[in-house]
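In the two complexes below, chain A is the common chain; its partner is chain B in one and chain C in the other.
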Partner chain A sequence: MRVWPWLLALAFTLWVLLPIYLIALSAFSPREAVYAWPKAFLPGSLSLETLRFFFGVEGVWRATATSLVVAGLTVAFSLLLGAPAGYALARFPFPGRDAFRVLLILTRAFPIVVLALPLAVLFLRVGLYDTPLGVALVHTALTLPFAVLVSASLFLSIPKELEEAAWTLGCTRTQAFVKVVLPLALPGLAATAIFAFITSWNEVFAASVLTLQNKTLTAYLLTLLDESPLPFKFAGGFFLVVPALVFLFLVRRYLFTLWGISHR
Partner chain B sequence: MNTRYLPYLLILPSVLFLLLFFGWPVLSAFLLAFREGEGWGLGQFRRMAQDLYFQDALRNTLLLTAVIVPLQVALALGMALLLPRLGGGRDLFLYFWTIPLGISDLAAGIVWLAIFTERGYLNSLLHALGLLDTPTGWLTYEHPTALFLSVVAAEVWRATPLVLLILVAGLQLIPKELIEAAEVFGATPWVRFWRITLPLLKPSLQVALILRTVLAFEVFAVVVALGGRNLPVLAGEAYFWYADYQNPGVAAAYAVLILGISLAATFLYLKALRVREEVYG
Partner chain C sequence: MGSIRVENVVKRFGKVEALKGVRLQVQDQEFLVLLGPSGCGKTTLLRIVAGLETPTQGEVYIGERRVTHLPPRLRGIAMVFQNYAIFPHLTVYENVAFGLRMKRRPEAAIRQKVREVAALLRIEELLERYPAQLSGGQRQRVAVARALAVEPEVLLMDEPLSNLDALLRLEMRAELKRLLKETRTTTLYVTHDQVEAMSLADRIAVMRQGEIVQLGTPTEIYHHPADTFVGGFIGNPPMNFLPVVAEGGQVVLDGLRLPSPAERGPLLLGIRAEDLEVFPEPVEGGFAARVLVVEPLGPHLQLTLEREGTTFRALADPGFAAAPGATLYLRPKEGRVRFFHPETGKAL
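Here is the complex of A and B:
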């Protein structure tokens, strides 16, 4: 075995991990260390001071709670709307199926900037402006095409014969779905849910445009960027990264279903 | 229930939702952008084009895309081709390399801010190497190139994993027999790459390029986190016109411009990288 592929692979790994290490280091350093010159690359004195300062800033907890509500709603909408459509794509060769698929893939070519601005104007009129529900609806527009395509590929991977066997044993279509298909699809659907969650948690533009008082965490941090000191930014950045790390660990088995396949 | 109608019933909620929250806003963005007083016209676009930041924003966005996307594809291709040579370590490396997938653009901007800021880690490293005495602010208006490169670094770091996943999935679809056959006939690795791997990877490359280009045209939070408005970009201008100047019309004009170049790029990729049926036999 040759050595250079491993060296190269280690270099790539370092490139990915080093920035995450540095932001974690910044977030767990005391204030003086954040402003120190030159900076130490190894943790000198770890402290929770910077993180405590971040969470002590007014509005941070509230924005975090808003982010969680928005992401939760986005997950619910994506699954409730997306999974049935995915099941239809996987099980029925109906006329119009290809057109529906193309419609879903087409949504990728449209930037969120185009969606957010007109919806802000509409939401102002109908009372959805500055509400978690309004932001969640726009986030669902982003995640729904994914949810449909991913759940379609999940249901495709579950043999139709299992379902048919349940029918012959006296199950109705609904019973067979709930008792046979759903348990098998559950881990994949959970991964889809986590994907929708993190997409919503991370989204900045629409959330900023659609809210004023009830900002999500990303939108809130964005408005504070101009005036906030570095320790606040670093603690905030680190806090935004943590769910991403957890998320990737949870869905690692489904990486290709979530990203590789769904783009075809 | 008649199964003939069941699939339509199942997709109906999604279709309605997408029409309402995707189809309508896109149409409506055009209406907003072309509205002029009581009638229709190009007034919003004229205001956009006359704005001080417009030319810089357009140039920066196009330049960023032109630099970031090819870099990402090249890096991702290198990483994807490296994976099979890593034996049992493949899955672990793939796991590490895809970590930035879940990181938001705002967070990525802040992560790299910690590196590029005045008393950041880059300057500390330069100091340790004896190349820099005092802290220097790179992310300012006076250093447009440094600021530009910082954004490139953050974006390439954040979004290369997405390209990597698409390309790895594409590589797995290429039959091993083809490459082995070429090996038997004495094709060098270089020839095998150019004549077999790359042509067969075209569909995946197309998907990755379209996706990344569209996302690069709407780059926003990374830029704002690193340099505020020191490096104007189109999506940022749309945001500032909407949020700070309270002018949805001009903001919509920016949005329509972004949509226009996105669709143009998508069309170009579809044309230039046309996937011929015979590739699949």
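Here is the complex of A and C:
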């Protein structure tokens, strides 16, 4: 039957969207509405009261700022290390290239839970503990494999002849990269950057274990969660979900590149 | 001076020897075509001249300068790629101006030069467009314009017409010929299409398996192929090769008697299809063959014939009456027969 695929799609969509909708609804509802039971499925009275309360809590803004710094550093590291590595993978045959590719993915095979404690000890020793830089380094380790592989497939999709043409027209290798390759790679690199940003923004475990005072927003919310009122949780949840949604909306085109579908 | 000199260039990719000590000299203002089947090393040779590959051994000179180890940008070359390699994020104008901008020419000079080559290539209307909005033929023109704009000492072209459809290819071929006569740019041109090579080249270098097997004008190569490979590769249909036996310094095929280069022994007789005259009746100085296939091609009738187990082709007038199975008589035109060594394939 033709109807089944549609029903299935509808079910999946609801499965994803319904919780997000409910969180958003609660975040914009007045306090009484959040506690009310049964839940109103349609917004009765919208208010910014809950969100205002959320941002009024001590430390939220500081944690947000820390999150931004960590995510910003993660993006910078991912691009600065990932793009050149991806370029090398795409353009230069070197011994062990395929092994390198597999190893990159293997780095994700170690659960962060296993790594976090030794890392904490190491970070304490070298003075990176409880710093945004330390957290950003761990987050970079998480995002780097994807940054490398995505940018590799990105550079692979840009014909080598374009670069060669630029060389014959008077460019050095660097000039050719900046004038020809980079403008063409930019949308894809932007997607990689946003991916790194979201990964860092949402990561909670490493951020919790490796910090004490300088917690990122997720880590901070985690510590507050148990002892905070329900509306606070909803507001926090909503605030965390929004960047991911914006990201997905912006990069849905490039997700195909991310998954290597558009390339042979 | 835009001459090119390639000296004993060897290129190895791992264990594969792509070029086996190639020597080549392209004169100033000459149009030289590197012709050969795919994998013969012609593109590798072009890329070595361009500086996109480095030779394993040997030297490359452009003009009087030794450029073997210079990067492409310092060689005074421009290149047209098989897939055009037009920058998709720049307008046609910016594509053509790219090389001039890299040379830091003043804006006014750039504008004038771009207009000039755009007029030459008839793409003035397209200057504000992006490559995605162009047809294949238009992209081709842009690629040539971009290369000519920098006024290179040497123009390198890598199968520039092979991505065009047949009709457009014919048109662009004529256009390129006109253009390069006008600009008098020394050109090294790679193709596997022998018709293209014949029509464009001042001289053709036929390559096979990493070596230049013959270098000469199109007429020389067509009429005096250095070996059976060249004879078979150039011309459509390819040259016919009939096994014959010389005796007493003569080759005898029915009524045909020709002086042979060898006193005695087996030989290959090479003759082009259009150099065989076809007769329905036995004729003085002719030999017999049986018709296998008759193909009316328009300007002439292409006959595939068989004699003593060897098939070969001949061209007859379109009105010639021939049917498969019939016996015809063929006479080579005066002075058009070539002899080749039956084992080495070399011309004798």
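In this section, the second predicted complex is superposed on the first by the 253 of 264 C-alpha atoms of A that agree within 3 Å, B and C clash if a C-alpha of one lies under 4 Å from a C-alpha of the other, contacts with A are read in each partner's own complex, and residues count from 1 in each chain.
Everything that follows uses one rule, which is that a residue touches a chain if its C-beta (ideal position, glycine included) is under 8 Å from a C-beta of that chain, and two chains touch if they have at least 3 such contacts.
Here the structure is a predicted model, which means the values were calculated and not measured.
If you stack the two complexes on chain A, which partner ends up touching A:Leu115: first (chain B), second (chain C), both, or neither?
first
If you stack the two complexes on chain A, which partner ends up touching A:Arg52: first (chain B), second (chain C), both, or neither?
So A:Arg52 meets neither chain B nor chain C here.
For the overlaid complexes, name the partner, chain B or chain C, with more touching residues on chain A.
Residues of chain A touched, chain B against chain C: more for B.
Once the shared chain is lined up, is A:Ser26 touching chain B (first), chain C (second), both, or neither of them?
first
Contacts for A:Leu245 in the overlay, against chain B (first) and chain C (second): which applies, first, second, both or neither?
Touch partner of A:Leu245: chain B, not chain C.
So, A:Trp201: does it touch chain B (first), chain C (second), both, or neither?
Only chain B; A:Trp201 stays clear of chain C.
Both chain B and chain C touch chain A; at which residues?
none
Considering the complex alone, what residue numbers of chain C touch chain A?
Touching chain A from chain C are residues 50-52, 71-73, 77-79, 81-83, 85-89, 98-99, 102-103, 146, 150, 156.
For the complex, give me every residue of chain A touching chain B.
Spelled out, the residues of chain A in touch with chain B are 1-2, 5-6, 8-9, 12-13, 15-17, 19-20, 22-23, 26, 35-41, 77, 80-82, 84-85, 87-89, 91-92, 94, 96-97, 100, 103-104, 107-122, 137-138, 140-141, 144-145, 148, 173, 198, 201-205, 208-209, 218, 221-222, 225-226, 230, 233-234, 236-237, 240-241, 243-245, 247-248, 252, 255-256, 259-261, 263-264.
Okay, in this complex, where on chain A does chain C touch?
159, 161-162, 164-172, 175, 180, 183-184
Show me the residue ranges of chain B that touch chain A in the complex, using the header's touch definition.
Per the touch definition, chain B meets chain A at residues 1, 3, 6-8, 10-11, 13-15, 17-18, 21-22, 24-26, 28-29, 31-32, 79, 82, 85-87, 89, 93-107, 109-115, 117, 119-121, 123-125, 127-128, 135, 157, 161-162, 165-166, 168-170, 203, 207-208, 210-211, 214-215, 217-218, 220-221, 224-225, 228, 235, 238-239, 242-243, 248, 251-252, 254-256, 258-259, 262-263, 266.
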